[in-house]
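Look for chain A in each of the two complexes below; its partner is chain B in the first and chain C in the second.
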Partner chain A sequence: MNQSNGTGGLSRRHFLATAAATSAALTAPAVLGQARPRVVVVGGGAGGATAARYIARDSKGAVDVTLVEPTRTYYSCFFSNLYIGGFRDFASIGHTYGALAAGHGINVVHDWAVSVDRDARSVGLAGGGSLAYDRLVLAPGIDFRPGSVPGWDLSQQNRMPHAYKAGSQTQLLRAQIEAMPQGGVYCMVAPPNPFRCPPGPYERISMVAHVLKQSNPSAKILIVDPKEKFSKQGLFEDGWQRHYAGMVERVGPDFGGDKVEVRPEAMEVVIDGEATKVDVCNVIPAQQAGRIAALAGITNEAGWAPVVAHTMQSREDENIHVLGDASQQGDMPKSGFSANSQAKVCAMAVRGALTDSSVFPARFSNTCWSLIGTDDGVKVGASYQATDEKIAKTDGFISEVGESAELRKATYEESLDWYAAISGDIFG
Partner chain B sequence: MAEPKPRVKLPKSVTAGVPFRVRTRITHPMHTGLRHDGDGNPVPRRIINRFVVRYEGEVAISVDLEPAVSADPYVEFEMSVPESGELEFEWVEDGGAVYRLQRRIDVS
Partner chain C sequence: MFPSRAGPAARAPSRPLAAGLLALLSTAGAWGADDGRGGALYAECKRCHQAGRGAEHRIGPHLNDVFGRRAASLEGFPYSPAMKAAGAGGLTWTEATLDAFLADPHAFVPGSRMSYAGLANREERGELLAWLRGFSGAGSDLPPAEPTITPEEYGLDPQLLTISGDPEYGAYLAGECTTCHRYDGSDRGIPSITGWPLEDFVIALQAYKRAKRTHPVMQLVAGRLSDEEIAALAVHFRNLADEP
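Here is the complex of A and B:
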């Protein structure tokens, strides 16, 4: 493991790398002769897969990259609402890892990471093996906070789906919406901040309304929401009024939206003590970083993993980087676009640390598109830079109420192009 | 259109003679009578034109609503009561339909 940091002397980086090689030689003769630094990436979504791809591609084989992801086919949460609305088929949001393995030499391991030994620098797998690393990238996305919606837990997710990790849950929710009785009630229990994809629940409301307006126009949509305000609120409320007048009622904290429990057996939602019978109940619980982040001991009381903005390194362990939804980084929303953007900064920092390649000041960007109705797209986005404190917003933009139909259609079409482009950027 | 849905938010308990906040809302399109539908036909006026709250049968507040009031009219006010009792909320629609809610207010 020969590294030069150009400044002479024994840098900490050099020392750690040498120490790792030595301990590997002592404990694992099988890897003797392995000179390449090792990166393990946990989580093959927008953050993890991008980081793996960029580290492998840009290091041209100088870094040994392993990606740990349990699913063979990844269904993107972004655009999964469009499947619910009938604007995408399900296969179109599914992605596999063959190109990362074949095109970039990434070692793709389909398994669950279940432990992190930070002293030994190794990741334990549910299947029994372990993976040693010089740098670990955690991009596990979200898990749900137990008990955040009284009456709901994972054992109830078939009766009351969350559909907030895309896949079978998304298909289940759409099937339940299609099976609603005429004039029935779809209820969403919306999550408190912070959560994955801030406009996501409200885009979903738009897509559910779009479906019901055609097949079940007397149906009602009830949103029970603990938040005073939500992302793109003016744009969504204007759109609901234009496309789906009289269909959508939102109960915020001013009417008890912050005091909700559910009774899955009875299909009831209890708002501030008053029970309402519903036909579909889409419970999106409060969220926290994917469990492996907590198991690694790098999360805070709120359940997220604080990071250094310049490099996406954990504030608890400089050998671990955290990306995307699981990280607490500052001003960026938890989105696939954000995770992809953070992954590129992370990849650059990891290569800089392990191979002494050039590292440039971190720049980030994000855009969140939402579809309100047919050809009625809106967006919000911003640019960001790294400060010592956080990822800080520098400037932003948002669609406006009253834009022309042409502009809204162009915004929607832009989102289709973005999806195609980012899918290629993430999965190769 | 879906049936209008009234909602009321009250404190769990109040103190005799001390003002407390009451929030009310009813889902309603509040058609002004001035708009046209997608086919160019006028949409007839249909609004909630009156909102009344009674405490133990006595009018506590009465509000006349006009066509300029936006959809899902929201009315918030403060009141006080001398002792526990029944509050009745009443929304009157053009044409005479009435939507009601009853709530008990407990003085502690």
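Here is the complex of A and C:
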């Protein structure tokens, strides 16, 4: 199948080039013998919406772009912790798709993609229709691995929220934190690698501590963590000591953090066989690519979709590109910034394949800001290049312990501007 | 040879004036008579604006005769849509409006591309404005405009400014910039880079590339850009300002 698709792709490209040349020679409008090339993008987050926008904008109408996204308002996971901490209102992390439709002519379909027919090159929708494509971009984000935290499943997410897909879950978690009894316990079951937003759970701990310190200073925070180490660990632990001394306790794998189950009915967390009663339990399960990637048959045993770094094409099907959290690409962290960066490489490659636009070398970058306390921001970043094997890190930096208050404040304020900029870059 | 758009200041004075003489001739608070504070505060403005004889538009418009001028009224400068709208709505630069703008530029003209957080101290604003007033109504009695930025101050080869960039490549590379830099400007520490003169853009990125400027993200981004890629980005962001 890959081979026949590949041949088809080449023929198509050749045909388009010839047709364009012919029409140019006749000085007639470029009316091709068939419809414009079609791109379907599944998932309207940092990866998918950016890809849709860049393909539509830069092809100036030469490519027909459809974006499939079930929600009318997208709440970004990035900065959702700041809502939990009281630094943002909820509306400020919500984004709609009107500008993509009105400004770039993208056909925005609010529906679930539920199947991919790779031979027929079409995507089936829960609403009953289907969409044909020449190139498919899958950017479905994450889903949770069933059974990764014994005792927890989606039917329990109201008692023990994950709040790791932003929206109602985020609001629920904040409400539960605000309703904690004085001196109560907030517990986070942290996820194993790899997972969305590596500093995310620990920024959340910071934000929960920030809220509790004001309203419930005798409360405790317990992290049950299967990992030996975590992102920005030195920076977070230093910050917790400075801002929230005595409040945060972390149980790593040495003490059973990797042997955890939950009992939602009893609000208990069982660590290495020992049950602890908690008041809020934020379970962030192990993760895998959003389900449509598995349904398309392009995921590996670990549940992620391996891609070619140069183009973000699936290693299973060159007519499918996979972006962001769902992809297994190499060294980049799963982040909104990464997805946005990968989307631009993907958009360039898709336009190059479907039109006569230029193709340039892939380049990627990522920066992740985290807020530890009021005006105390830190960041980590890196640049990456494509190799035949993977997206490979070339250089990087991280904030340091002991930076001045002025620098930390500037870093936080920089993150505010970044959020505004990337939101515009994604949603128009 | 001065650009005609520089207005009255473009007229070359008949003779060079020594600094001491200028001090005697100038009115209170003007550029020549200042005891240091207004001029020192103006140093931050000078990274983007020119004022004085032969002043041209750089990252910001030139500041000659700004007092009494309608906002966004100079030819040849790519004002932000927000500033154009403010000018069309009647905003004229006076002591009062300049004071309000400098106090909090992005509150006074939301969407302005001026990358300046504002000067909170009223007294300092007064001194800065007194200094600026020296460049208004002075006709040809002005010292020559100083460059906003030079390759020499970062030890750069001036030949770097002569490389011509590929706009199409620049448009692709710009994707890495627009994750953080908004087209419409910013008051939180990530500046607008839209519409910059090619020289200012190239020198700034080359300075980051060579670690002569310190921001870690910018060092990372610029560190792997080739001279041709920097030129391509400069041309792209310059052209962006001409889009509606």
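To be clear about the criterion, the second predicted complex is superposed on the first by the 394 of 428 C-alpha atoms of A that agree within 3 Å, B and C clash if a C-alpha of one lies under 4 Å from a C-alpha of the other, contacts with A are read in each partner's own complex, and residues count from 1 in each chain.
The rule we apply is simple: contacts are C-beta pairs under 8 Å (C-beta built on N, C-alpha and C of every residue); 3 or more make two chains touch, one makes a residue touch a chain.
Please read all numbers here as calculations on a predicted model, not as lab measurements.
S.K.: Mind checking the superposed model to see whether chain B and chain C fit together on chain A or clash?
M.R.: Overlaying the two structures gives chain B and chain C room side by side.
S.K.: According to the contact criterion defined above, which of chain B and chain C contacts more residues of chain A?
M.R.: Touching more residues of chain A than the other partner does is C.
S.K.: Examine A:D417 and indicate which partner it touches, taking first as chain B and second as chain C; both and neither are also allowed.
M.R.: Second partner only, chain C.
S.K.: Which of the two partners, first being chain B and second being chain C, lies in contact with A:A91: first, second, both, or neither?
M.R.: Once the two structures are laid over each other on A, A:A91 reaches no partner at all.
S.K.: Give one of first, second, both or neither to describe whether A:K344 is in contact with chain B, with chain C, with both, or with none.
M.R.: second
S.K.: Which partner does A:G396 reach: the first (chain B), the second (chain C), both, or neither?
M.R.: A:G396 sits against chain C, while chain B stays out of touch.
S.K.: By the touch definition at the top of the document, which applies to A:G381: first (chain B), second (chain C), both, or neither?
M.R.: second
S.K.: Looking at A:A35, would you say it contacts chain B, chain C, both, or neither? Reply first, second, both or neither.
M.R.: neither
S.K.: Looking at A:R363 after the superposition, I want to know if it touches chain B, chain C, both of them or none. Which is it: first, second, both, neither?
M.R.: Only chain C is touched by A:R363; chain B is not.
S.K.: After superposing the two complexes, find the smallest distance in angstrom between C-alpha atoms of chain B and C-alpha atoms of chain C.
M.R.: Taking the overlay as described at the top, chain B lies 28 Å from chain C at its nearest C-alpha.
S.K.: Find the residues of chain A that appear in the contact set with chain B and again in the contact set with chain C.
M.R.: Chain A residues touching both partners: none found.
S.K.: Under the touch definition given earlier, write down the residues of chain B that touch chain A in their complex.
M.R.: Residue positions touching the partner: 1-2, 5, 7, 9, 23, 25, 27, 29, 71-72.
S.K.: Help me check something: in the complex, which residues belonging to chain A touch chain B?
M.R.: 218, 220, 241, 245-247, 249, 251, 254-256, 272
S.K.: What residues of chain C sit close enough to touch chain A in their complex?
M.R.: 168-169, 171-173, 175-176, 178-183, 186, 188-190, 216-217, 219-221, 223-224
S.K.: For chain A, which residues count as touching chain C in their complex?
M.R.: 54, 58, 337, 340-341, 344, 348, 358, 360, 363, 365, 367, 379, 381-383, 394-397, 410, 413-414, 416-418, 420-422, 424-425
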